[in-house]
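Please go over the structures that come below.
The following pair of complexes shares a single chain, chain A, combined with chain B in the former and chain C in the latter.
For the complex of A and B:
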């Protein structure tokens, strides 16, 4: 029976050839490490978000009068609703870590260099989309935390001349965060951003497969051939993508899920402080409202820069530099350890980010 | 009642005179400014900047506090009145958003009209008027108090204990059973009867505190307990009115009813804790499953090397 089914599929889509070309016969560098699996881990994380998101969507009501109650209903009355909501909340934070880690490793291994500039751009855009997902999803529970954190963030563009006020009105749909904002953020979160992400993931995966996985610069023998024309980067002495690398990815996915459920077991409210458990009250500003941990560094930076316009402009410039970095870094050397200035800059920025995050948390 | 307290509660006119002084000061400043009409434009600009700076600093310091606080915090205020803002900031009223105008009336947004009777300013009540003054909000408690021995004594002699005697004026703290104590009660009578009542209330009071702590813990663990919080608040408020009857037999009789309500709440909190425990066990099991799967995959990957 199994043979019959296999033969039936083989005749129609040439399955064995497909497996040979893209899995068992597809060789990747032998020295790929676990940091190379973080992109796949993030992808699995996104799939978990889609599944849990759809389940939440069946009970969530995107209206100010009902949003908070519907989330509480999910947490208390809906069978296993608490599990799906907490997986969604904690999962979103773990995805930020996975995507951030992936970007860091790509930067550290200089894998963004020619001909992979577009792959970097698509990946960097996905990190920004991930943060936009987090921001838009943050408002949906309509809690004190979500309401006031969104008020702070959506008012940031007001520092920009001419377009600032327009941007704030577009984001909030009025003079302040209201039901209109909730509707807009809901549409962004469940329709616009998923479509954008799907498009970017497709482009990113296409580019990775089309150009080939870059080999880490450390311990690589011989000179690399210059990229004067398009070619797929082959790794003749490499290991098969399946099962070798897939098992590595599967191992990291298990670590991701184990970590996710570990947080759910011992610190389920790690990302849900007390204000997240109180319904939004536009007339009562909480004493110390702070953004999520991944926004703490830019938040603290804005507090430190005395001029709001200068602070926002600085952040926009930094984001643009991050997005277009492969086009700005034209140095041929692809071993970061041999580029002392860039390495020092990388370490300084990383330490600066950690310091600002901790400072923002306890300031 | 202490000497300071009686001064605060019986001399409402002092605040009005202070207000008059403030107005006079403002008028003097205005007159002086008119005399100095030859001031150069640079000086005007400097004065404007200083005023702007002062307003910004004042606004930053006061936040959403009523204008009453600005005057009562000022150096020119008499010490007895000046300590009121600090006492109020430490109070249960402050924690629950009850401000000066909620009790004393007036306009908390306009310094000039803050103490105007036209804006409902009623000032400070006379000693005998204190129960009605507080009873505007604490309706149930007022009713029980008036019918109690304390209320009757106040009405008959004009010197019985009123709300302030036990709870204080501006430094009111969340009411609890410890307000009934030998030091306070024996100011007017022996402690024996009060002690018996405190004993009758003790078990119920402890239940209330236990449930309150349990609800706080549940809330910190992500459980939404608004409905239970409301029920506890209602039960506690009704229980508080019972204190004020100062009737031992009535307290003993009604305590059973409160205990039943509290037992219902206790069952609810227990079931929520049990739910949290079962969730923890479930996710713990999933953690072990995925950790185990991770080990298997790792060993499998090793065989391929």
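For the complex of A and C:
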């Protein structure tokens, strides 16, 4: 029976040739490490978010009078509602770690260099979209934390002259965060951002497959051929994508799930502070409101820079440098360890980010 | 060369159609873009022309009372030296609501530690401008805001 089905498919789409060219016969560098799997881990994480998100949608009501109650209902009354909501909450944080780790490893291995500038740009855009997902999803439970965190973020453009005030009213749909804002963020979170992400994932994967996986600069034998015309980077003598590299990816996916369920079991409220369990009160800003851990560094930076325009502009400039980094770094050397100034800058920025995060947490 | 052997006429016609197509495309795009932006720009809120009355007896010297005037969260402070003042509680930094701190005689924003004096002026922190002040009249036992 199976043989018949296989033959039926084979005649119609040439399955064995597809498997040979894209899986078993597709050779990747033999020295790929687990950091190369983080992109796939993030993709699996997004699939988990889509599934749990759809499940949450069946009970969630995007209306200020009902949003908080509907989330409480999911947590308390709906069978296993707490599980799917916590998977969604914890999963979003793990995705940020996976995507951030993926970007860091790409930077460290200088894999963004010619001809992969667009691959980096698509990946960096996806990191920003991931953060936009987190921000827009944050408001949906309509808790004290979500209400005031959104108030702060949607007021950020007000620092910019001319269009800043217009941008704030367009984001909030009025003079402050209200039901209109909730509707806008809901539409962003469940329709606009998923479609954007899907488009970017497609572009990113197309570029990775079209150009070929870059080999790590460490321990590479022989000279690299210059990129004067388009070519696919082949890896003769490499290992087959399937089963060798897929097994490595499967291993890291299981690490992702192990971490997810470890947090769900032993620290379920890790990403849900007390203010996340109180309904939004538009007339009372809670004391010591803090953003999620991945926004602590920019939050602390805003506190430290005395001028609002300078603080927001600095963050916009840093984001643009991050997005367009491959176009700014034109040095041909692709081993970061041989570029001491860049390496020192990278370490300084990383330590600065960690210090600002810890400072923001305990300030 | 077209079926009639007239290359120039064909090219001209194609160029004309290309330009017409671009014009139609731009018109369609602009016709969509304008309502798109208008759709997301909310209509201006109703001007707060109403007045709001409080009793002086509700706010002893040194105390403050939080209230809402024309949809804006406000605080009415009875300053020991300068009398009553009504300030918006919306921090001019990023929109959090400031809290009156009686013992320190100041207003503190809990989000990014912006500090204002009891006249609404910034004394420290990132807020770029003073708190909005509402006009008041004190008549007899009443404080009339607005």
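In this section, the second predicted complex is superposed on the first by the 363 of 363 C-alpha atoms of A that agree within 3 Å, B and C clash if a C-alpha of one lies under 4 Å from a C-alpha of the other, contacts with A are read in each partner's own complex, and residues count from 1 in each chain.
Everything below uses one rule, namely that a contact is a pair of C-beta atoms (placed from the backbone, for glycine too) under 8 Å apart; a residue touches a chain by one contact, two chains touch by 3 or more.
All values reported here derive from a predicted model rather than from experimental measurement.
Engineer: Since both structures carry chain A, what do chain B and chain C do when superposed there: clash or fit?
Structural biologist: Partners clash after overlay.
Engineer: Could you say whether A:83 touches chain B, chain C, both of them, or neither, answering first, second, both or neither?
Structural biologist: first
Engineer: Contact-wise, after the overlay, does A:330 reach chain B, chain C, both or neither (first, second, both, neither)?
Structural biologist: neither
Engineer: For A:250 in the superposed arrangement: first (chain B), second (chain C), both or neither?
Structural biologist: first
Engineer: Could you look at A:262 and tell me whether it touches chain B, chain C, both or neither (first, second, both, neither)?
Structural biologist: Only chain B; A:262 stays clear of chain C.
Engineer: Which partner reaches more residues of chain A, chain B or chain C?
Structural biologist: C
Engineer: Applying the document's definition of touch, where does A:228 land relative to chain B and chain C: first, second, both, or neither?
Structural biologist: In the superposition, A:228 touches no partner, neither chain B nor chain C.
Engineer: Quick check on my understanding: which residues of chain A belong to both its chain B contact set and its chain C contact set?
Structural biologist: On chain A, the chain B and chain C contacts do not overlap at all.
Engineer: Hey, which residues of chain B end up touching chain A in the complex?
Structural biologist: 219-224, 226, 279-280, 282-284, 286-287, 290-291, 293-294, 297-298, 300-301, 304-305
Engineer: Mind pulling up the chain A residues that touch chain B in the complex?
Structural biologist: Touching chain B: residues 72, 75-76, 82-83, 243-244, 247-248, 250-251, 254-255, 257-258, 261-262, 264-265, 268-269, 272, 274, 277, 279 of chain A.
Engineer: What does chain C use to touch chain A in their complex?
Structural biologist: 40-42, 45, 66, 68, 71, 73, 90, 93-99, 109-113, 125-128
Engineer: Which positions of chain A touch chain C when the two form their complex?
Structural biologist: Listed in rising order, the residues are 148, 151-152, 154-156, 158-159, 166, 169-170, 173-176, 180, 184, 282-289, 299, 302-303, 305-309, 311.
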